[in-house]
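Next come two complexes built around subunit A: one with subunit B, the other with subunit C.
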Partner chain A sequence: MSNFSVGFRSSGHIQILDLKGELDAHTASELEAAIQKCQANNQVHIIINGASLMYISSAGLGVFMAYIEDIRELGGDIKIAALQPKVYNVFDLLGFPMLFDIIDLEADAIGKFDPSNA
Partner chain B sequence: MAVNTHTLTIPSSTSFLEEVREFVTSHATQAKFAEGVVEQMKMAVDEACTNVIEHSYEGNADQVIDITITTMPDKLVVVIRDKGLKFDRAAYQEPDLLQYAKSKKTGGFGVHIMRKLMDSVEYRNTGGFNECCMIKFKS
Partner chain C sequence: MAEKALKTKVNEKWTSRLARRGLPVLLLALFGLSLILSVGYHFTQLTSGTPPSNGAEFLYFTFVTVGFGSLWFWMKGYFQERNDSPSKLLWSVLVSGLFLVAIAGFTARFGTVTAGGVELPLGFAPGTGIPLTSPTIIKMMVVSIAQILFAFLLLHRFQQLVLVKRTRSSQRNWFIMLILMAAAALLTVTKPAGAPQNEWQNVAFIPAVVFMLVNAFKLSWIVFLSFKEKVATIGLCFALVLLLILGLGIGDTGSNILVPRSFDYLEFFFVPLASFVKQASMFGILYCMTAFLSLLFHLPTTGDYEQREGERATIFSMAHLVSQVFDAEKLFGTVGSAPVEAGSADFSWLAMPDYQSGSLQYRVVSTHNITSERVGELINSDLIIEDLLTDRMPIIVNRASTDHRMNVAPGNSALGSLLVTPLIARDEVIGALFAAKRVINGFERDDAETIAVFAAQAALAIDNSRLFEQQVEKERLSREMSIAREVQKRLLPQNVPIMSGMSMAASSVSAQEVGGDYYDFVRLGEHKLGVIIGDVSGKGTSAAFYMAEMQGIFQSVSRLADSPSMFLHHANVALGQSLDRNVFISAIYAILDLEKENLVIARAGHCPAAIVRLSGESRYIRTPGLGLGLDRGELFQRSLTEESIALQPGDLFVLYTDGVVESRSESGEEYGYERLLSLLEDHRHDDADGIHAAVLRDLRSFIAGEEYDDDMTLVVLKWHGIPLDSLISQEHPLHETA
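Let's look at the complex of A and B:
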């Protein structure tokens, strides 16, 4: 039984992934499948909404690491928004703010993809 | 406050990591560690067990892992014990984030995280078992 799920939403050309639950070595493959689905559909403007993400381990962080370069090479990005403070602390611990665009509000992340609509 | 010891034995499968995290959270909270510190210990133990499952047992799910938590007035000691392959200290390197992203590597952060979150992380081999012993002090 997994207590992790990924919800899909879109805002124009931007694909938003709503992460819910706990992301660990057991559930990381579900996030990987979700990002692969975006790639297969040529959706490379991706926002990860972490408002309902309660936990992340290095296995979850590893998924972001595995795809960020590919997505950027295709002209896109993975922006991470609305993280709970305790989850943000884990990203921060590993220096992720240096590598990823981590933003408080989803609306601001959308604005960064679409400056004209911000 | 007395010394309390609790042991959880799980099969070597990632599907039991959630149970491990609940075990750590329950006993660390009972021992009156602050919420943020409980989070840190929970993650460190998750990482240690994930490493055992993926590296020591190489994904073989029919082995077992023992997790023993001892709470004392000033600290929590957790020992993760397995009978798989030894942790290769010589091969371990601190990960470099930018290099990792470029090489598209996904793992290797577990030990780094454990060392950042705990006050002490030690590996030893005794009686045919591998043991990872981690300590967190209260203040």
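Let's look at the complex of A and C:
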């Protein structure tokens, strides 16, 4: 039924979440669970890869808002990479680029976490 | 008129009463008449001193038969409605029998007649049977009537016992017996009083006796009696047998004990009646004796029978369970106490998961003869329920003190044995019914089976009760939601304001009953109007609450803020205290000043407003700005940028929520910003109503029957450029759209 899924990858200490499909009020809980899992595993360097994310609703954006503060307090961050233009527009309209690192390429996002590797 | 009507009514009442009471009165009158006639008949014999003629004898035969027939049917009607318990019934027969026998016995002993030196105890002339004195006639009448009444009473009352659990054949056997008895009695009419019966008359008795035997074994009522009632009934039967043997007696002459020569007076009165009374007496004795013996044999098994009955009653109470589905607590009570009520256990309780709190931990929901605390002390419910959930079969614990799941010390008689039965509904264990006894080895296989049958029904009833509760809850919620929707509707403006030179149209629809979209207008002066549109993240009830808060903030803060960015800043501060971390509100606030002929607009993360000019020039006003609640500090204020637009006649401003541009067609394509803007360009010459309607029409044809899955709000403002001096302020009802 749900046309949303979260894939887990890691690159060193960085947890990469591949979002696929549509993130809305019904599927937001799946992303919540995924981020909670990262938190529980003490993985606070998180990259959200939105290459396959086709749609995001305000409820989906809310998930990022819910966790960013905690993650940053733990010394980590959520960086958002590779968004589709249409989805980026939704982030942009709300001013998310002022709050989050939103980067075109995943590799650049990794580089931002690990300046030494870049 | 009224008087006549009243009279008719009284008459009707009188006739209907006659119809109801007429028959019994007629029967009693016939009986009374026959008594008078028979007294007259005997006095005629006494005075004439000669036996009656054949004709007179025939007449006597007729009216006595009719008279006592009437008495029989009167009594039948009288006792028909009675439905006493067997012991009460036997008691009433015994008491009235004693009374009647006492009257007969006393009267019969009162005085004797001596004629020609011979003592005649009865007072009838030997040979002819003519009464010798008038007291003889009175004595004969009294003794006979007392005995006949006893016999009739006995038969009418015993009919109720014989016909307990009646079937067509048992009813038929009873009436055949009565008819055979009457027939055999009538055949004795030719027999002189005091003489023995002839062979034919003897033979005629045989069928009656056969049916007496058949009816004497109709003793179904005995099994329904409790132990105490049985003991009492044994005594009553014994007393009745004694009374019948001593008072009436068996055989031709009857007993000579309580009533001297008991049947002789009757024979002189009317031989067939004597025969009938003898037969009734015989049946009474027979029936009481079979009842007596049967009761004696049933006594030892009464306990078992009562337990079976209890279990049966429990099974039958299942129907009762169904009627309790509307009251879960009561239902739990009934189910929890059933094993005790059925006589299968000393104490019992029902444990179920606590669905209300959402926990699957079992807890005791009802108990019988024990408290929930005591249950907790005696057994480890978790272990038992774990086993029950795995095996889904009843568990019998024969010796509680040796079972690891119990906390019972050896020798402790608080809990001896335990039977745990799962309640299974729709293939799921929904509860556990515990039945416990103080003795060890208290539960047999058949106990487990009986309770299992009950448990299956109980599970069904509980499941239904739960479904019913859910349904009620659903309906309650939907009622509340529709109230919420009405309340929310009232939070939105009921009218669009009218400003000369402007036309405006607005509408909002929610995907669910309530939504998070908001729009509003505020008058800031004669020529100044504030317009807001907002969208709370998420949908449904939580969004609706924040939307209401937004409305409150707008109505109170908008008049105090000089500029749109100032208002949004205040709103952000106010909302910052109540918004959840994952909730934000996007909004646009614009102030229209017709005096200065400009529009100042600020955007807090909202879908950008569209402006379309008469020339066809069109764009989205995408000033920077964070959504409300995304940052609670300075960043928000820094991010906000206002834009001031000088109004030109024909300028069209369209505010909307993302539900509009994100509406999807059947193929999943989004409506989008381009399509919206080009549609607005096409309709730029229309007034606000026309443009509003055109957008909704286009949206509807675009989604082509798909459901709106987001809240959708559209506000259209058009400046027509009418001179300021003609400005008026009035309002008119909001255009019904969407």
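Quick note on the criterion: the second predicted complex is superposed on the first by the 118 of 118 C-alpha atoms of A that agree within 3 Å, B and C clash if a C-alpha of one lies under 4 Å from a C-alpha of the other, contacts with A are read in each partner's own complex, and residues count from 1 in each chain.
Here, a residue touches a chain if its C-beta (ideal position, glycine included) is under 8 Å from a C-beta of that chain, and two chains touch if they have at least 3 such contacts.
Nothing here was measured: the structure is a model prediction, and the numbers come from that model.
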Worksheet item: Where does A:Ala25 make contact in the superposed view: on subunit B (first), on subunit C (second), on both, or on neither?
Response: both
Worksheet item: Does subunit A have more residues touched by subunit B or by subunit C?
Response: B
Item to complete: For A:Asn3, select first, second, both or neither according to whether it touches subunit B, subunit C, the two together, or no partner.
Response: first
Worksheet item: What is the contact status of A:Leu94 with respect to subunit B (first) and subunit C (second): first, second, both, or neither?
Response: both
Discussion item. One more residue to check, A:Ala51. First (subunit B), second (subunit C), both or neither?
Written reply: neither
Fill in: Touched partner set for A:Leu74, first subunit B, second subunit C, both or neither
neither
Fill in: Shared subunit A contacts, counted only where both subunit B and subunit C touch the same residue
25, 55, 57-59, 61-63, 65-66, 69, 86, 90, 93-96, 98-99
Discussion item. If we count contacts the way the header does, which residues on subunit C are in touch with subunit A in the complex?
Written reply: 535-540, 580-584, 586, 605-608, 622, 624-627, 630-631, 635, 639, 658, 662, 670, 710
Practice prompt. Within their complex, state which residues of subunit B touch subunit A.
Written response: 13-15, 17-18, 21, 36, 39, 42-43, 46-47, 50, 53-54, 97-98, 100-102, 104-107, 109-110, 112-113, 116-117
Worksheet item: In the complex of these two chains, what residues of subunit A are touching subunit C?
Response: 25, 55, 57-59, 61-63, 65-66, 69, 86, 90, 93-96, 98-99
Fill in: Partner subunit B, residues of subunit A touching it in the complex
1, 3, 22, 24-26, 55, 57-59, 61-63, 65-66, 68-70, 86, 89-90, 93-96, 98-99
